[in-house]
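You will see two complexes here that share subunit A, one where it goes with subunit B and one where it goes with subunit C.
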Partner chain A sequence: MDRSDHDRQPHPREDEHEFAEERESLWRITLGPTIWAFHFAISYAAVSVYCFRFERMFEMGWLRAGLIAMTLAMLVAIAWIGWRAFLRWDVRGTGEFSNPEGSAEDRHQFLGHAGFLLALVSFIGVVYDTLPLILLGSCR
Partner chain B sequence: MTPTPRPARPRYRHALWLAPLLLAACEGRQSALVPAGEDARILGDLFWVMLIGAVLLWIGMNGLFYWATRRSPAPHSQTLANWLVIIGGILFPTVTLGALLVYGLSIMPDLRATGDGPVIRVTGEQWWWRVEYERADGTTVTTANEIRLPAGVRSTFLLDSKKVIHSFWVPSLGGKMDMFPGRVTEMTLGPERPGIYRGQCAEFCGESHAWMAFEAEVMEPEDFDAWLEAEAADAMPPEGDLAQRGAALFLAQGCGACHAVRGTPAVGRVGPDLTHVGSRHSLAAGRLGTSAEDFVRWVANPGAWKPGAEMPAYAHLSDAQLAAIAAYLEGLE
Partner chain C sequence: MTDRSIPAGELAPEGIYPPTEEMLREPVPEEVQRGQKERLARVWKTPEGWRYWTAVNNSEVGVWYTMTAFVFMLIAGVMALLMRLQLWVPENDLISADLFNQLFTMHGSAMMFLFAVPMFEAISILLLPGLLGARDMPFPRLSAYGYWSFLIGGVFVIGSILFSAAPKAGWFMYPPLATLELGIGSDIWLLGLSFIEVASIAAAVELIVGALKCRPPGMRVNVMPLYAWYVLVVGGMILFAFPPLIAGDFLFELERSFDWPFFDHTRGGDPMLWQHLFWIFGHPEVYIIFLPSIAIAAMIVPTVARRPILGYSWIVLSAVGTGFLSFGLWVHHMFTTGLPNISLGFFSAASEAVVIPTGIQLFAFVATLIAGRVVMTLPMLWIAGALAIFTAGGLTGVMVAIAPFDWQVHDTYFIVAHLHYTLFGGMVFPVIAGVYYFFPFFRKKMLSDRLGRWAFWLIFTGFNITFLPMHLTGLLGMPRRVYTYPEGLGIDWLNQISTAGSFIVAAGFAVFAWDIVRPKKNQPQIERNPWGAGTLEWSHEVPEAKWGVRSIPHITSRYPLWDQPEIVERMDAGRYYLPDAEEGLRETIVTSVIDARPIQVQRVTGPAYITIWAAAFTGGAFILPTFHIYGPAIVSAAFAVVCILYWLWTSTARPPEKDMKDVGLGLSLPTYAAGPQAVGWWAVWITMLGDATAFASLVFGVFFYWTSNTAFPPPGAEHASGYLVALATAAFAAAWALTRGARGLNRAGRVGLARGALALAPLMTLAGMGGFILSVLDLDPTSHVYPAMMWALMVWIVAHGLVGTIMQGYCLAGSLFGKLTPRYDADLWNVTLFWHFLGLTALVTGAMIGLVPRLM
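Moving on, here comes the complex of A and B:
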């Protein structure tokens, strides 16, 4: 009963087993860009609808504040996704920048790498999307 | 040293002859680089910023190529390569594009400021411009193929089109704006320096697109007010025998079915309003001058000057008849 870990029979395909979440991970790398896409669509749709219909009903400041709050939440989410991906990439642990080998572990780390870069691009994209909101305060 | 005569390379020499011509094109009354208004100035600055920035980048990139292929062609360390990618490939473009975005967004409110001057409705037709000034008292002053603006205030343009897409552009005064059938687009321009500039349709709209231009005169505000007052008035009655005969011919030939001359039975709206055509700077949307000779040329055969022009030729009229019509039109000041 008190067999230590060393005595355990290794799983025949341990490495694959350990990194078995690859399918899920493939989805996960699209999270950053998806948030970016929603940010873009929501911001532009909200401002166009506001300028088309509701300009006289309430101040644009409210809309801007709401959208900027949404932006901050999305930036935090992207940063978190990026950080998780960075850990999966594990460049600091392994010192391996690229993972070309195609073993399960390599795939795991590669997906981390890709997810991290996509999160970075998404973060920049969301910041760029938001600049008009900050700099242009009106419908003109 | 005696120069050896070398007859070769004539093409090259021709190109040199052309160079000053190219520079000359930057001067003048249709140049975005010689701004005569606020908007053109902002756009001119934008052009120079982009041009100088692009040249610096180009020099920098080529410097790097030179360094990597000639000065230091050996493999570089992994660390250097990584930092090159992180700084040169991510950080630098992100910051540069971000700065350009901020710059671009910061000039947008200036370019789209609301007008505090006259409101002018311009409709693109094939191939001319219908121009209507909306006055404070609710009346409209109709003219064509020429736009006059007071210096120092922002005029508002409400742009529309009859059939196809045109684009309204006076490079010396500002940017361009497309004109769509059935949808009014709005633009404001703040001219500063009085003078006569040239506008041009900037969206291909059919065979005479290139001949669809107009004159844009920026005037001192008092002069503008006086001009608009005169423009609002009915046409002057023809003076002298020739012009009177011309006026009668104008009606008899049916010109009034398409053209309006306010104060006469001619009330057509198919073609340009001719009430004050004699005071314009050009004829047929910048195609001809405004001498009697030009009127004769145009009326006798519009299609010769503007292929596809939607005005019939009057070549069957005698020279005397054409001269009479020209005298009448020239007198409509």
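Moving on, here comes the complex of A and C:
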């Protein structure tokens, strides 16, 4: 087997190093949707607990402000993940929109593309799920 | 010779990879080919006579599975016809209200649990090895065990209607109706379907590991067939969707059998917890059904368009994206339960968001068809019908996702129409398309084009005649699940049209079923690749060869049959990997997750009776408690454990006869793997992820009661003994440490110490189990939901502790009898992994029983 992938020294096959299998993970493309899932779960849980137990103790405004601040932080995180994935896709460098070939480079760019698109749809999902917080001011 | 000082699980592949063009060009001598074929045929031979049923090969089990699910579907369809006959005229007395209740409950339950989900597993077991150029699934006996469990459980559940004992509270079994219902109907539903859910999870484990680790060399994640992507996503969804339902079933059955008041509001319980747990399962389940069916479309569309799919990455996005978003929709089934409006808003928003990825994949198909030169084959006709019907169902879905609209049509025939449009368009039509498309692959015969077109037009028109009027029936106010209706509401004629339509659908299914079962002996031999497809399954051999692929190819393209010239000739000649079976063992290649580099030769299991016995005894353990027969149920469970242990001991992770094997093309691969390299370790990991989800659902239950009930725990309630809980948790922690320590000691060659640790560990586990039992013994679980919840957590940890003890004993026995050595220690890796999860579970249980309630 070709073990040169593991070398940390610069060498003529540097590309192979960059695209090495060990540097990839399928989990990475799910980072965007995972943030969406946390956003969804935290918003829903926080609002439920508030509405059932703490509605009489304090105004919802504080909770909404806190959750919207969390939303902004998460949107920034998703945007950053999407940007990193966009760079891996490298469509501006290669001009290739799809990566159908069986090479390490194509696999690398494909995972970038998929991660980018998933970040995009997660971004939209987070925005959608924040709308109730903006539009509705109370539990009822 | 290999280095005996390295553990067998850490040996690396040796030799050349990837193969060069010159190596592939070199011909294989005729006599060598003949000998190889002879040996492969002998090893992969299907058992004959009555031993046929011991087969575990995916091509046999897959066909049984598919046909069984199809028969259950036909039975559930007949139930629907009976209901439509009852609704033919107002005030009809053809069927009693009680029987009608049983019919609609069984129709829904059977279509969901005995047809839609099993059909996905069945088709995937049948197709996946072919799509991936693998000889079989990684765990063939697990598939067989899953099938037999499904058959036993399915017959038990669906057969109950013949004794008028079927469940009758609706397919989602809402308490208090279902908890208070007399008779055993609800118990049949809970226990029978839990049993089948276990089989579903087994299949999910098998399919995920198959898609990740059994791809042919070179098939990187960006070139694998889209079907495999969908299998991966759906397998993952099953792992997170089914366990909440299993946890719900567990609580529900404890209430039915022992009167622990989880859903009884007079004693602090809350029926809403069931609704949450059910729909956290129930909504993703809709997508668990839909995604694999649409995956079939993703295989058919490029073939008929005669070009590669457009937007491969976009389809991967939509599969993964839908998989995630589908978990944020469950409350849209509960819009009328009085939850805060702002909570409903989140689910309404997510329900609208899921349309985006779903829409993207449909557009990708349409774009591929527009860009290609479409041949309107029969499978494509069914796909076209599917797209039309599904789009209509999707549009009403957008409507009911808006809460105020849903308040109007909730529990009316509008919903019945909506769900049938999504399920026929999203599941039934694509699956039938798949049957027409793949039939030549798995039966080596063609179905009739003429009968297929008849079936299509009958089902398509009949479907629309039945369900289109139902939108109006519902808007006019007819509720679902009523056995009759009074005259003069303006819905009589609508119901008559629906009933007439349903019989046209039935006629279509009769034609389709006849086409499948009619004798085809006289049909001439079919072409090998009748549709001119580009994916690997069409390299299959005609007439059938039981070995799957003659040799496992090196793949460099998404459509190898279009792009890699001579691939089929070279596969046939045995030019690629594993062309032989010198040792007389069934084998397939295991590859790495991302790039599919070959890493191991996996020996897979062959025909056996033990899987049937294991399934039968597991069935006894689930079915007998329905009739409150607990003693024999426990005996049956014990026998099931013995069967499974025998099966594992005799056929898994045995030290191989040699550590490395020449697989051809100058490559040698290890024959043994341990830890994260091994498929068994992956299976444990995936199973435990599902198990942890079920446990998390119970923990969610505790917090749910705390939010929904201001008196949880009730003021002045007695708590579990904190002292005993702490001791029990510490004992579990010690058992975990001993197990983990045993693994290290064994690897280091200190076998005596490792055995000592493995002998002490079960004692610590038993001490921990005893501690948890004693800690809650003084609480009365029937008095209030708080003690009941503490008992439920105790039962959960004790049951898992029992499994953990057996595993520790299994490893000790393995070490004593030479199955487990410092060089061959896969079992101990898997057991340690189980214990990582169990240790964490014990820690959380300790906190939930001993600490959290005191702070609430």
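Going forward, the second predicted complex is superposed on the first by the 119 of 140 C-alpha atoms of A that agree within 3 Å, B and C clash if a C-alpha of one lies under 4 Å from a C-alpha of the other, contacts with A are read in each partner's own complex, and residues count from 1 in each chain.
Everything below uses one rule, namely that contacts are C-beta pairs under 8 Å (C-beta built on N, C-alpha and C of every residue); 3 or more make two chains touch, one makes a residue touch a chain.
Predicted model, so just to flag it, every value in this text is computed and none were measured.
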Given the touch rule stated above, what does A:52 touch, subunit B (first), subunit C (second), both, or neither? second
Comparing subunit C with subunit B, which touches more residues belonging to subunit A? C
Contacts of A:124 with subunit B and subunit C, given as first, second, both or neither: both
Applying the touch criterion given at the start, work out whether A:43 contacts subunit B, subunit C, both or neither, answering first, second, both or neither. second
Of the two partner chains, subunit B (first) and subunit C (second), which one does A:140 touch, if any: first, second, both, or neither? both
Of the two partner chains, subunit B (first) and subunit C (second), which one does A:71 touch, if any: first, second, both, or neither? neither
So, A:132: does it touch subunit B (first), subunit C (second), both, or neither? both
Residues on subunit A touched by both subunit B and subunit C 124, 128, 131-132, 135-136, 138, 140
List the residues on subunit C that touch subunit A in their complex, please. 12-15, 17, 218-223, 308, 311-314, 316-317, 320-321, 324-325, 327-328, 339-343, 345-346, 348-350, 352-353, 356-357, 555-558, 592-595, 597, 707-708, 710
Subunit B residues touching subunit A - in the complex, by the definition given at the top: 82, 90, 94, 97-98, 101-102, 105-106, 108-109, 112-114
Which residues of subunit A touch subunit C in the complex? 1-2, 21, 24-26, 29-30, 33-34, 36-37, 40, 43-44, 47-49, 51-53, 98-102, 104, 106-107, 110-111, 113-114, 117-118, 121-122, 124-125, 128-129, 131-133, 135-136, 138-140
Looking at the complex, which residues from subunit A come into contact with subunit B? 97, 120, 124, 127-128, 131-132, 135-136, 138, 140
